[in-house]
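Okay, handing you the structure first.
To keep things simple, chains are lettered A, B and C as they appear, and every chain counts its residues starting from 1.
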């Protein structure tokens, strides 16, 4: 009688082995050219810095101190690395503001699309998808054109006599924020729409039927039900915004850096690879915390839905 | 009509429509201006001086742009092909049959590149590739292909897996019942039904590769500019309507791709 | 005529999952299905009937036991090497192929020459009366037509056994009735052994040569539709198929396969015993509602009670009685012009039970 069991177990083992073979190419590519190198970077963050980039083969925690602290060049005392603090704070603040603004703009947009007649919906969705597929650099460039000193906005404003002098918009935090809102907006609209599309609008009717006003329906019925989409959209905007490289590079000028630009600098002119590695790991840690919060929220709201 | 006599429309939220229209204008205004001014006779991005193709001609004459564009396209083609092939196999392994031990790990690894910030991957690869360059002396394009293929895998994987999951798995069982061997069942049933997913995955991977600037910027060897890294270099220095022309063409390409993608996914 | 065994299951057990969480879908099931018969596995969802079908088809492996096809153990054969074909519950037609391509698929996979495949497809299309739809996509035909294509596809390779997994459940009532007759016709014409899985007792009773009633991974009773309906041996079988009255009683004596059962009210009935079952003491007796008649109270009546409810059903009327000794009894009386139902709620009435209608349960 064990013959039957043996046959079935052998078949199962064969199946599992074959499936490992099938996943192997994808796993190898990713381990080799995406994940594996992260481990090497962790090692690098504990080495000394080479004079012309690279590292020296000696254990050192200088890089990790360098993330937060800096040694005064005159009296050799340790102080907070103000420049780093400012950049970290700017990154977190701009990413946060971008997330909130895209949410404020994206939620009504998703709602608008959801409430269109079914045939029209595809067209509106299509219009959100096009920018999403358009090169990020080009979209950032479009904003740069718009707000430069001799750009269209300043031309119109001075032409109408609203301002005498062209406004300095480029190379400010405002410009970076504007660019990021523009670039990441589709990433907020699409997941909220995906959630909202599944919303049964008879529940909205039930809400009105039970004496809820528009605001109460929005607050007590619609928002809780599309919360998974809101959280997903927020994470999809916050994480790339935190690690934004192109927007600060093009819109912030050289001085208004964000974390990504600071990291990049260490591997270029800064010639401090260990510090760059340590900063990278710090950025990744922040992202992982944000993702953990997301996963916990997502599993909690899905647990509630069941 | 006064507010009091307006009928109550259940699905409407006051102000939302206006806001949405403003959002759509905001999404399209900057890019439209960019395209319009790519046809500007004058070398200005704000003052209109008449219609002209001169920036397109200038871009066409520019050797650097042509080289970079060509490199971008074949790089995206190569990387997307590798990523799509690997992702298709992985998607089949993770959607067919019973879940196996380690499957969550496979998911996590495949989706990992989506969660790591681009700059982190970029500098990690910079370190790793610098190492290999010293060890082997090789400085060719394989680094770019490998890096692009890796971050394209999760993008190719998503639509293929979605397609496999929405596909009725009993079709393959039915084929086996009708004497089709596993390979025949895959070739005659699974693959023809999976094609739209594979094409969608490839297109997504292709666009993602074409879009990348951060990773390429950090790992490219000298003389290995792609169109985005070339443009980034130009934009940092000075404005040039040539870049406008290239951007407009790029935008057109995305519109074509999205339209194609859209109809691919609609038609069921 | 005794036919050969087409499929034999010997002590088959199937456990899904492992250890403590394992679900025993089949528990030491043994059954023999004869050649050329229309055999039905009947039971509620989760009883293991579809699992048994999938084991025969080769989509799953038994945990223990063996399955023989014409005396040969088929455990080492993958589904694509077993001469059995399946009609799936949702048909599973290949959406990217035409009706004709679907029907020809099995033969093509068997490596038959194109001319033979074409001829056979034509023949099958004629068999299911769909000649004109050969080049249609499967998404362009109705549910009933899809059903026929699924049948033709499974019959085309001339399997030794055809497995049907609730194939009629997706059709509406009228179509289902037509297909029941159609299926029976196809089975007669092709002479292929049909193993049919359903949870619909009416379907099972109208089409089958024999029925196996299943519950919780066990086969409870195997027999012809008449045996199963008139002589249910188990409480579950009696309950699952048709409406039944259950009466408590004591065995007073056994003679010639019948028991003399003294009911709680004091009267006695002669009840058939399940094979090889000789109880003494308390037993349960079942009587189908249509096998009893309403009579004036007292006198010849076996049972006496009060009419609680009279429900009109068109073809017949159900009379619900509350028995004097406690418990409920339902009588189903066919409506006819000559013998209208005259009792009304609150009347005292008796019940007449014939000689051959009571059945003792094995429990």
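The working rule: a residue touches a chain if its C-beta (ideal position, glycine included) is under 8 Å from a C-beta of that chain, and two chains touch if they have at least 3 such contacts.
From a predicted model like this one, the values you see are computed outputs, not experimental measurements.
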Chain whose mean Cα position lies farthest from subunit B | C
Central chain, going by Cα centroids?
-> B
Compute the distance, rounded to whole Å, between the mean C-alpha positions of subunit A and subunit B.
-> 16
Indicate the whole-number Å distance between the mean C-alpha point of subunit B and the mean C-alpha point of subunit C.
-> 56
Separation of subunit A from subunit C, taking each centre as the mean of its C-alpha atoms, in whole Å = 59
Using the touch rule from the top of the page, what residues of subunit A touch 2 or more other chains?
-> none
Where does subunit B touch two or more other chains at once, residue-wise?
-> none
Would you mind writing out the residues of subunit B in touch with subunit A in their complex?
-> 8, 10-17, 19-24, 26-31, 33-34, 37, 44-47, 82-83, 85-87, 89-90, 92-94, 96-98, 100-102, 106, 109-110, 112-113, 115-128, 130-131, 146-147, 149-151, 153, 157, 207, 210-211, 213-214, 218, 228, 231-232, 235-236, 239, 243-244, 247, 250-251, 254-255, 257-259, 261-262, 266
Subunit C partner, complex, touching residues on subunit B are 168, 170-171, 173-181, 184-185, 188-189, 192-193
Which residues of subunit C touch subunit B in their complex?
-> 57-59, 78-81, 84-86, 88, 90, 92, 94-96, 105-106, 109-110, 153-154, 157
Spell out the residues on subunit A that touch subunit B in their complex, using ranges where they run on.
-> 12, 15-16, 18-20, 22-23, 25-27, 29-38, 40-41, 44, 54, 105-106, 108-109, 111-113, 115, 122, 124, 126-131, 133-139, 141-146, 148, 150-152, 154-155, 182, 185-186, 189, 201, 204-205, 208, 214, 218, 239-240, 242-243, 245-246, 249-250, 259-260, 263-264, 267, 273, 276-277, 280-281, 283-284, 287-288, 291
Within their complex, subunit A touches subunit C through residues 1, 3-5, 7-8, 11
